[in-house]
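Across the two complexes that follow, chain A remains constant while its partner is chain B and subsequently chain C.
Entry: the complex of A and B
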């Protein structure tokens, strides 16, 4: 590449890089640095911000609530990612078929994407309120239930699972589905039609075509999608924060909400930063896989 | 020599330029001289003033603009007004208290926390040296509101709005059940039991009572006071929640949930917000209701006219103290325009200015003269609000960690104590000593 071309490329990338550094990387590093200091807003005036090594990390790891949030975060991510990808595969298959009104249905599937997660969370909070839920009302009308389901407040658990966890995960799936469908739809459309036609000539069933053509050819797209969803899933914040604030009894609390509350509710920026530092480590590990998969895709 | 047209015109032009040059020179000298020799003004001529907004944004801007205009005409001090969105307010003032960009003066809240965080460097600035500008403060303002502008012996500003919390109840449902307005804890129990309604399967169609708005931590405060308790010592150094008053308050609240079954057991969960349910008639009564709610019902739900009323907070076993919190106008540390800001605060604290602020926003005003006007006496609910002010007690406590203690989140000491004691019905004899120990550990962060 000529020197001038290289300079042009750098210039094109520079604004995005600058924003990423200033708004993404710098705050991330500052937060990481804070996690190794004593940074208690209530004490900072008297005690300053002395270096404390890994003490904040040890403190949060010894906090039972935090340990539960780590488990919850992993579970939420697993439930939401697996469900949304499974549903995404189904919907994208349906939407790639030719039928009347396809454009309208595609638009309909995209609707949740137009609703910001904050608004979606507020709407679903109302829809899932024990006493006011229209869903409960319908279920009672149809005779399916006698007493209202406590979608967001039931404290009964089955192992680590609970109704509030599944309800919040369902909202996250609802909100994330359009992105997955569009992603997979784009992948599906890149698969040559003649492969399916050849399979049909060989008498392949619908499931066989899916198993032996669609899935293998979608694999690169699926890997990237799974990694991206897992990364964003681990750092997810707003829907859990707004709908339940982590309750009842910490059953829906996740690492990002814990981190926020430590810093902005309890004024402990040090342990809040340590909690977000652990999110960073987790997403960092996933990120390595993502970069490796991308590097493989591009080739040497 | 007589001139022709050209030479005359040239001469006139030259003279014109000469005059212009002379005038410019004289003006320049005059400006330089004025700048050099005129006395330095006694105060800066421009101050930056931040407020949150109240009610309608445009109406709020107009109220402040009108006050600014009058003040500028009177004092010559320019006030630059900026609005802090409520959704950003907490983080904004937290940033200010840590040394972030700050205005000269502002509409503020949570004095104790932000002062504690900012210390002597940032955040709210005491204006004790100007205290004598308001010689009759104690007589002119309701006592409860003044607790919100004093901390550690220093005076920080002028309260201008109060969130005072009386009882809100449905008069139509009370009339149906033949009940009188509640006045004591016992009345609340009796009325709530009569008004709670369930279907054949036990699903609640109407709750008789709700302790208060969504913030669960705040719900306990008035009941604990009414039972005779104080959360901490006056100097904010020692936690005092392991006592008979707390046992009484928590037991009473627990009984309302589990024994009388008149309050939803979900009252501490995030989605609990009884306003809509009250409007829909599925909650009959809310104790400790935020001051904005009655005004909102009157404004937005005309169909409910004559179907609701306010009552003064109930008499508990010991007291009738009512949850209250005042927003105040104060000065920020780092301002070089303190004198100008104090003049602005003096202007804002006048009866006329307070009246305009109160009428323009619908906020209850801490000044007795304002609350005695027709505006606050034209309806029964407004009269009740005014009467309730006499029992107002600030919700702020003399510790910078108070807002962390009372936060409506799991992990906050008071929230966890309430959840265990009321919702989970744990043994108070074991719970309270542990809760007090936790609270003390939190408070020791500031000591």
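Entry: the complex of A and C
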């Protein structure tokens, strides 16, 4: 009987396992291996793919554009994650209260969820078009600015920050907000109501309740959320690629876009996979911590 | 008016209260939250409104300065133009086909795997689950190059089959994790055990009892995997990049990079509306279920 059960289990899990290994685990390792080879698609016929050790990593690290790209990736992730979590906390608090029209407001907040990232990028490109942007029009009308803001093309920088970076980050926040709100709403449901009632009896203000009940009890959920968002943030691709392609002057370039361009614009699969190898290492470290913490939380 | 009063008194945390002293500090907090949330709602909704509005304008009206907030005339010509400039209908067909097939295949594989992973302890189960979780969590850009080579070696570039294979691999981990949570929370083990007492084997208990009972969850995960594939740009841009075979997302992305997004803005926005509608329909279907079932499970796990 026990044996029969085992056979059943392995048969049931086999197709999914096969696909996970062939299209998930193996390509990750193969990509990592590729980053230690010379792999120039144009010369691969006569040259082959000799092993070159860490040369590709050294090459990209010596590329000033790539160093800037790594900094951009970290900043993009930091800006987008912190903003989206702050907004998510606000809306999830609001939507967990009972008020008339709550379902309607929740639906409105979720609107960006069903907008595909490419479409989100496309709409915002039009909305942020320097000469035709209604935002620029209003700001001029109110006398707040004299010349149109070049949302996606301004080349001025303040340290590592620039207007295009903030604009693209705003689009990523826009597209990611509904998921965060729903995730936090689900987390809020796990906080016992009587805690708030007890606090009310003691005359706690809203801010105190948020600070001393909601935040501490939401902590595990927030930690999971931050980890998930950081990993997707570090590997993000679509919105930056469509909106700016990394420009102007590399100001919005991120590691995934750099890697994609190395491989499919310049046919350098080696430096491309070195760039994505760095993403793999960074997210892999976070992933190990995440799985460990989850195992601890579930296990005995 | 009670609506507003309710809103004000029950806003942040806590449930509706008929009365009760509301301190001055609380009123301030509520006012600030309402104002900020209101401004953020504009940020959330303006782009969608702008897309819809632009798609119904003529290419002359759309360039008016000051911009027309409410179009002076409604026209469907942009949708017509989108069909000519971008072969939008063909792309929509491609997207629907590959997303549908990928979703059915991935959900079927995920359902069998998720069931045994949620119910039975067998050697290797934890390892398998970890592999699936790792594949889900590590961003896809770290595995595109070898997969591109695999699909190329199989001579499946620019075919539906090639991109469907990639989508199944891409969506499967997520589907397994969601369905595993669903089986754990919403499908009591007694059901299958009862069926087996009645003489069913392991598989027929799964097939005849567990699957029908779990239909809503499986359908929702199916919709999820469909949307995953529908929204994808990265895989499709590599695997089906030429002519007639493009998916709608690649069609829109390429149109943008060729400058069409500036020259033919209204057609561009019409294409964007059409690329969003299927997702919208599915979203409405699953909205209720999403908030209660799936996310609760995924948070717990």
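Observations on the model:
The rule is simple: the second predicted complex is superposed on the first by the 284 of 300 C-alpha atoms of A that agree within 3 Å, B and C clash if a C-alpha of one lies under 4 Å from a C-alpha of the other, contacts with A are read in each partner's own complex, and residues count from 1 in each chain.
Here is the rule we use: a residue touches a chain if its C-beta (ideal position, glycine included) is under 8 Å from a C-beta of that chain, and two chains touch if they have at least 3 such contacts.
Bear in mind that the values here come from a model prediction, so they are computed numbers and not experimental data.
Following the overlay on chain A, a clash is recorded for the pair chain B and chain C.
Within the superposed three-chain model, A:210 lies in touch with chain C and out of touch with chain B [touch as defined at top]. In the overlay built on the shared chain, the residue A:152 is in contact with chain B alone; chain C does not reach it.
Contacts of A:264 after superposition on the shared chain: both chain B and chain C are touched. Touch criterion met: A:5 reaches chain C, while chain B stays clear of it. Of the two partner chains placed by the overlay, chain B and chain C both lie in contact with A:129.
In the overlay built on the shared chain, the residue A:36 is in contact with neither chain B nor chain C.
When the two complexes are overlaid on their common chain A, residue A:117 makes contact with chain C while staying clear of chain B.
Applying the stated contact rule after C-alpha superposition, one finds that A:57 touches neither chain B nor chain C.
Shared-chain residue A:245: touches chain B and chain C both. The larger set of touched chain A residues comes from C, when the choice is between chain B and chain C. After superposition on chain A, the stretch of chain C that runs into chain B among 39-47, 237-245 or 291-299 is 237-245.
Residues 125, 129, 131-132, 242, 245, 264 of chain A contact both chain B in one complex and chain C in the other. Touching chain C in their complex are the following residues of chain A: 4-6, 8-10, 12-13, 15-17, 19-28, 30-31, 34, 87, 90-91, 93-94, 96-101, 105-127, 129, 131-132, 134, 137, 141, 170, 174, 177, 182-183, 185-187, 189-190, 193, 196-197, 200, 203, 205-207, 209-210, 213-214, 221, 224, 228, 231-232, 234-238, 241-242, 245, 255-256, 259-260, 263-264, 269, 272-273, 276-277, 279-280, 283-284, 287, 290-291, 294, 298.
Chain contact summary for the complex, chain A toward chain B: residues 40-46, 65, 125, 128-132, 140, 146-148, 150, 152-153, 242-250, 253, 261-262, 264-267. Partner chain A is touched in their complex by these residues of chain C: 2-3, 6-7, 10-16, 20, 23, 25-26, 29-30, 33, 36-37, 40-41, 43-48, 50-51, 54, 63, 65-67, 69, 109-110, 112-113, 115-117, 120, 122-123, 125, 128, 130-135, 137-147, 150, 165-166, 168-170, 172-173, 176, 202-203, 206, 227, 230-231, 233-234, 238, 249, 252-253, 256-257, 261-262, 265, 268-269, 272, 275-276, 279-280, 282-283, 287, 290-291, 295-296, 298-299, 301. Residues 90-91, 94, 98, 116-119, 121, 201-204, 207, 264, 266, 268-271, 276-277, 282, 400-401, 404, 407-412, 419, 445-446 of chain B are the ones that touch chain A when the two sit in their complex.
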